[in-house]
Amino acid sequence: MIDLALKNVSKRFGGLLAVDKLDVEVPKGKILSLIGPNGAGKTTVFNMITGVYPPSEGTISYQGKKLNNLRSNRIIRHGIARTFQNIRLFKSMTVLENVQVGMHCRTKSGAFRALLNTPFAIREEKEIIEKSMETLEFLGLADHHNEYASNLAYGDQRRLEIARAVATRPEMLLLDEPAAGMNPSETAELMDLILKLRDTGLTIFLVEHDMRLVMGISEMVVVLDHGHKIAQGEPKEIQQNEKVIEAYLGTKVKAKA
Amino acid sequence: MKQGSEMGNGEFKKFIIYSLFLGVLILPMVGFPGTHFEAKRAFIVWGVFVGVLALGMLNQVVRQSSIYQKTLGGPQSFNRRVTKQFQKIPVRHWTLILLAAVAVYPLLANNYMVDVGITCLIYIVLGLGLNIVVGLAGLLDLGYIAFYAVGAYTYSLLNLHFGMSFWLCLPIGILLGAILGCVIGYPTLRMRGDYLAIVTMGFGEIIRLVLNNWDSLTKGPNGLLGMAKPSIMYPAFSNSGLEWATYSLKSLHALYYFILLIAVLTVIGVRRLDQSRIGRAWVAIREDEVAAELSGVPTTWLKLLAYAMGAAFASVAGAFFAAKLSYTNPNFFIFMESCIVLCIVVLGGAGSIPGVILAGVLLIAVPEVFRELQDYRMFAFGLAMAVMMVLRPEGLIPATRRKLGLSDIETDTIGELEESYQAVDSRT
Amino acid sequence: MDTSSFLVQQLINALFLGSIYALIALGYTMVYGIIELINFAHGELFTAGAFIGLIVLAALQKYGFVQTHFVLTLFLVFGMAMAYVGVLGVAIEHVAYKPLRNASRLAAILSALGMSIFLSNGMMLSQGVSDRAYPALFGLKGITIIGARITYGQVFIIILSLLLMVALNMFVNWTKLGKAMRATAQNQVMARMLGINIDRTIRVTFIIGPALGAAAGVMVGMYYGSVRFDMGFIYMIKAFAAAILGGIGSIPGAVLGGMIIGGVEVAWSAFLPSAWKDVTTFIVLILVLYFKPSGILGEDVSETRV
Amino acid sequence: MRKMGILVLCLAVAVGFSSMAAAKTLKIGTLSPLTGPYAQDGTDILQGVKTAVAVFQKAGGIPGYKIEVIPGDSACDGGKATMAANNLINQGVNGVVGAYCSSATIPSSVPLNEANIIQITPASTHTDVTARGFKQIFRMCPRDDVQAWSTVKFLEDGLKVKTLALIDDRQTYTVGLTENITKFVNEDKKIKIVALEHITPGDKDFTAVLTKLKKLNPDAIYMGVYQPEGSLMVRQAKALGIKATLLSEDAVYHPKFIEVGGKAAEGTFLTYAKAPDTPERRNFEKTYKKMWNAQAIGSYGYYAYDSAMVFMEAVKKAGTTDTNKVAATIRDNTWNGVSGKIKFDEKGDRKLAHIIWIVKDGKFVPYWDPMTEKYF
Amino acid sequence: MKQTPLGNWRRAIKPSILELKNVHTYYGNIHALKGISCTIPSGDIACLIGANGAGKSTTLLTIFGVQRAARGEIRFKGRPIHRLRPEQVAVQGISQAPEGRQIFARMTTLENLEMGAYLRNDKAEVAGDMEWVFGLFPRLKDRARQLGGTLSGGEQQMLAIGRALMARPELLLLDEPSLGLAPKLVEKIFETILEINKNGVTIFLVEQNAHMALSISNTGYVMETGRIVLTDSAAALLKNEKVKKAYLGE
């Protein structure tokens, strides 16, 4: 079953064609990776899916519903959550609060209930804390719940971003270079975590540069170069693909004399 | 680190240069109140400024000296130790002590002091309201006083024309303020910080000018006069048995306790909002709007809500103000008032409730103490404001997010140090 | 007065008012462009310029210098006022803004506001609370074009402010220092990597921007005939609005914004109930910003970058 | 000799004690804007009161009383004025001179009324100041309608203008004047009002509005503005070549008007009370100028002087500081002030007629008397 | 992965122009560089390769003083520069074409290039260098009067490199010059880099296009999470299986 489908999607910034007629289908419950050199348009794809800006052409649909012109917070309610390439946490808030913000779209009590501190609000707040702590435990951050997000170690910040995204109770998770800046052992932990998340039924859509991670866990890989899809297939196929190797490693220039 | 003597030498050079600069700036401006140079006056003022400069720099040199660093400064400095001691007392106790003090205050104070207290409390309510907009949601608002005006005029007009009681007018005023808050908030949603400043300032001025120009409704610059004071009904026994008696909150003491109640409720309300799901979403917007939106926070709606909530509190304060004076006039709601409220919020520490309370008292009550100094008061006020901001840009009591449980986290001094290292603009 | 001369007269009024707003707005825009700070004290710098101009002019008049060396007098008055305010601008930057360059925006704005109050009250203490008369240099003589009158003073001021604007534009576009200022405004880190001392560049900005404000202050004093310690406030609001309307950070934008604000004010007063003049100014501003959030000639900065 | 010495000492002590016992203090509070845009007028008021005390003391004062002036800053703001009033009450003032702005006078009069303290405002012309039935409040300056009546009378009978344009700056005082002028003119139907324009206080450029008036070409333009704007307005009117007669009110009766207005101020008419050139007036002017190193005195300096003087004289006459008795004394007597004869009506308003002045050769000169319809 | 002694060997032959010793850099709490040491011989092209977020750009920014080195030493021609501010580093003779090009968008191509020569006062020679840059990148000459912001990505990259060259640096730091460019253009840029190097400019290149970068470089460094994990001659690195693995995860 296809969860997310991008059909003929293009994005133009002024004269620059960042994404060119892209077709991608993400199957439910699977891990799909989108790879390609820097500037290939990967993050642009994520931005279009999550409604940061609309595609110039084409349609994006999720479980049959068109997402094209929805606002980001609406899209998230449909069950698509994401993380960011450069960590964007709420730095002055605690770890727990960051996750609690993620639960915003799944909770209801408004300003009046908060002002009056109604039983509903109290109950909900308790529930938020419990669920947030669960999420943190799942991601191994429970011990840090009272620390300020800015005080976390780098790897933990990355994980906290995932926790915040998971707290929105998504069915699909878009991870934008989650392993960037991680050392091999942290990356290995991250791999386990992603698999664990997948096993809870989440669909994972991954943008990543770390090939050990991509090739190790993806069920399907899509390769982008200059906004074009140049290859698609299982990791093994991709690794043998001449086009991919060329895009990644580049061709040699005449060697230095 | 430089050697002490070398540093002293450098400081001395700096001192001479600064003094000369001060001379260039002060001598012509102060020396020529008319057409001829009044040397005595000019040099005295220059002398005073140079003196203050010398003291300031001496203080700095002493603080940087190795002896001071070893004894009084450093991580175990006197200030820090004192702060630590204070922090040991739980917030709950502080609150109780403070409440007891403000409750007893009017019994010990004379009318004037009670009146100053009332004004302080009004501004604290305003500051707390603006704190929602500026401190929590991070939206700059220079026209906040307009909502204060809305509250004041709503009560005045409804009371004068329809004889409606304070209690009935209050919710109407809150509603009107909130609606107006949304109206003002709406066009500013797409704007960034500094544009917000001029637009909100413009809205503030528009409201004031409308009140000033709409003669048929507001009596324009003449103002509205003779509103009733709020009154409360209480059961009392009389000849004909149990009856409802009316107690008008006329005396300053009654008004003081009334505004105190409003202020306490405001503190509770703002605190609850701050710690609720809504407050968290506001802070998230302040920290990173895009990330908040992409974490499922409806930023548009929440920003409007921030404006509306802030406006609602100002409206309450406004209604009280009009009722207290029994008079209102568009001139009460000038731009400078918005600035003062903003000062309270930022000086106290944006987002920090105790900060706002402290700054409210400092900014309203302390100038009253120096009322004798008249002209010099505002002069010093301006200077103090700039100096305070330079010394404590985070405010007097910087805001911190609430933590659950009892885990005590030492602030990482190394982290702070390193942050100061990357003094370069982080816009890369 | 027939309609055509009425229109010409109002046009002259608008041009005159607009050019003064524009000149003050330039100072705002330059300072904002380079350190992204709304310099609330700019209105006071403008007033300080007017006072220094008055002091110099009065002193020169006392010794009969004005009659004998008219052009030199003008040169001295403007020069001294601009120099003084330039120094004042740098001093303020050094004391109140520089330490806050990496602090929150709010802290910097409050510091600026504090400086504004400080300077305004300082001038009240030193120069008195009431308005001071400016010696009449130009008098009321003027020329009549199609029934509209324009005094020599107005002609002089319009020409001088245009000259200053052109000079500024040339400075910023043609000189090395001017280009360094623009580079610093656009990308501080890159500018530093090219060897530009941004502290120095910012200091220069704080000389030029306030100096232009001072020139406007002297003009206002000379033409209207009086200065008062708090006169900067209204001009500050208008010029602030003008700078933002034109797109803050943009020099042609500030000129355009100033002209528009001046034009709207005059046009509204000329044809519609004048009590609502200021309301209109702000509504125009809000409408423009609503439809073009970056101002008329401003760069579009609202684009979200993820 | 020694005995004598002791005796003298004892006597001195006794006198000292008795005088201490007897020397009650008469405290006069002032309320006026000492900060902000109206600080000039506010300072004039404070100085006027202090001059009055000095003159009164020199003339003998009230036996057994020390007189003290306690300044209060109303800042032209209701809230601050009320606080300042409460402060004065706490310091035990017997009477208050002030405030200046009606928007400060009205709220501050409430606590003063409750504390039953005499209040004499030297400057607030708003009808509501005395219209609320307070028994201890008086107004030294004439009310808006009195001044408006003089103006209209002059326009109709003195200048015989046919068309009139009005300008005000939308402040309490000036709006009161233009409203009353409109009312009187409409009643008499002799003059046609062609325009009512408004300016913003603090603005410097009024050319747009003045050009508009130039096109309408009225016979006279009434400027309901304060002195700073008034000075600028006459200059700009002349620069635009406006030929209409310019008229204004007592808020521009300030030496600064001529100083700043320069030649353009020449020929401007304004309404202001005509005081007889009495020795008291000359004495006041001399003392004031000497005390405050001033070249000239603003109009509110005179009213403030009279306010304080009437209060002190009334206390002296009543022989008590009891508010009700002093108020009655003030109301029942006619006083000689430096701004003319002073007589209050039931409400506490002063009956004071304005005359028309003209600026001539850099001076304010009496021009026409609306009561007698005669030129001076 | 251990550090090979090759770096030292090279230094023995050629005088080094830039030396990093145990450099640590922090972003707030994040330890971005965890003790970087490397030596760049004068006249060489050295390249730093590694995955996103490994700290390559941070290394360049730290050299330039944009990020303060919390610990360690950076020496340029033997003089320590790690305490200098960026504008002071520029004076020493280093220039940089940073990540994301950082073109002054509201200045023309010509003005951008002039800003590159900000520190120089020799007008005639600046004009000569301008011609040289235009010779390297003829496209820039056509766009001389166009605003920087309106140039295409490739043109901006050329402009960034050209601007850095206008300072007549002894050491040129290039941060991902191939980023987002079409393969043909990338080739062109790399050829130009070689040409620049032939003019005696030492080049320190940060690239993710490993193959191409290594093929023009003398020395290569492989970075991983804030550390240099591999140092070798470029030719050797090209054959290194670990490098291949790092890039394709084989």
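We just call them A, B, C, D and E in the order they show up, numbering each chain from 1.
Simple rule for what comes next: a residue touches a chain if its C-beta (ideal position, glycine included) is under 8 Å from a C-beta of that chain, and two chains touch if they have at least 3 such contacts.
The structure displayed is predicted, hence computed values, not measured ones.
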Minimum number of chain-to-chain touching steps separating chain A from chain E: 1
C-D against B-C, pair bridged by the larger set of C-beta contacts: B-C
Distance-to-centre winner among chains (Cα means, whole assembly as reference): B
Furthest chain, CA centroid comparison against chain A: D
Reference chain B; chain at largest CA-centroid distance: E
Chain A and chain C: spacing of chain centres that average the CA atoms, whole Å: 49
For chain D paired with chain E, centre-to-centre distance based on mean C-alpha positions, whole Å: 77
Centre-of-Cα separation between chain E and chain C, whole angstrom: 43
Rounded Å distance between chain B and chain D, as computed from the means of their C-alpha atoms: 36
Chain C, residues touching no fewer than two other chains: 124, 187, 189, 192, 275, 278, 304, 306
Per-residue overlap in chain B, given as positions that touch at least 2 other chains: 213, 290, 294, 375, 378, 412, 415, 423-424, 428
Chain D: positions in contact with at least two other chains: 39, 170, 198
Partner chain E, residues of chain A touching it in the complex: 15-16, 37-40, 150-154, 157, 177, 179-184, 186, 209-216, 226, 239, 245-246, 248-253, 255-256
Of all residues in chain A, those that touch chain B in their complex: 50, 52, 71-73, 76-77, 81-82, 84, 88-94, 96-97, 100-107, 109-111, 113-115, 117, 121, 124-125, 128-129, 145-148, 151, 164-165, 168
Chain B to chain D touching residues, read off their complex: 110-116, 119, 122, 212-213, 220-223, 225-226, 252, 321, 325-329, 331-332, 368, 371, 374-375, 377-378
Residues on chain E engaged by chain A in the complex (per definition of touch): 28-31, 45, 51-55, 152-153, 176, 178-183, 186-187, 190-191, 194, 208-213, 215-218, 224-226, 234, 245-250
Touching residues on chain B, where the partner in the complex is chain A: 269, 272-273, 276-281, 283-284, 287-288, 290-300, 305, 309, 399-405, 407, 409, 412, 415
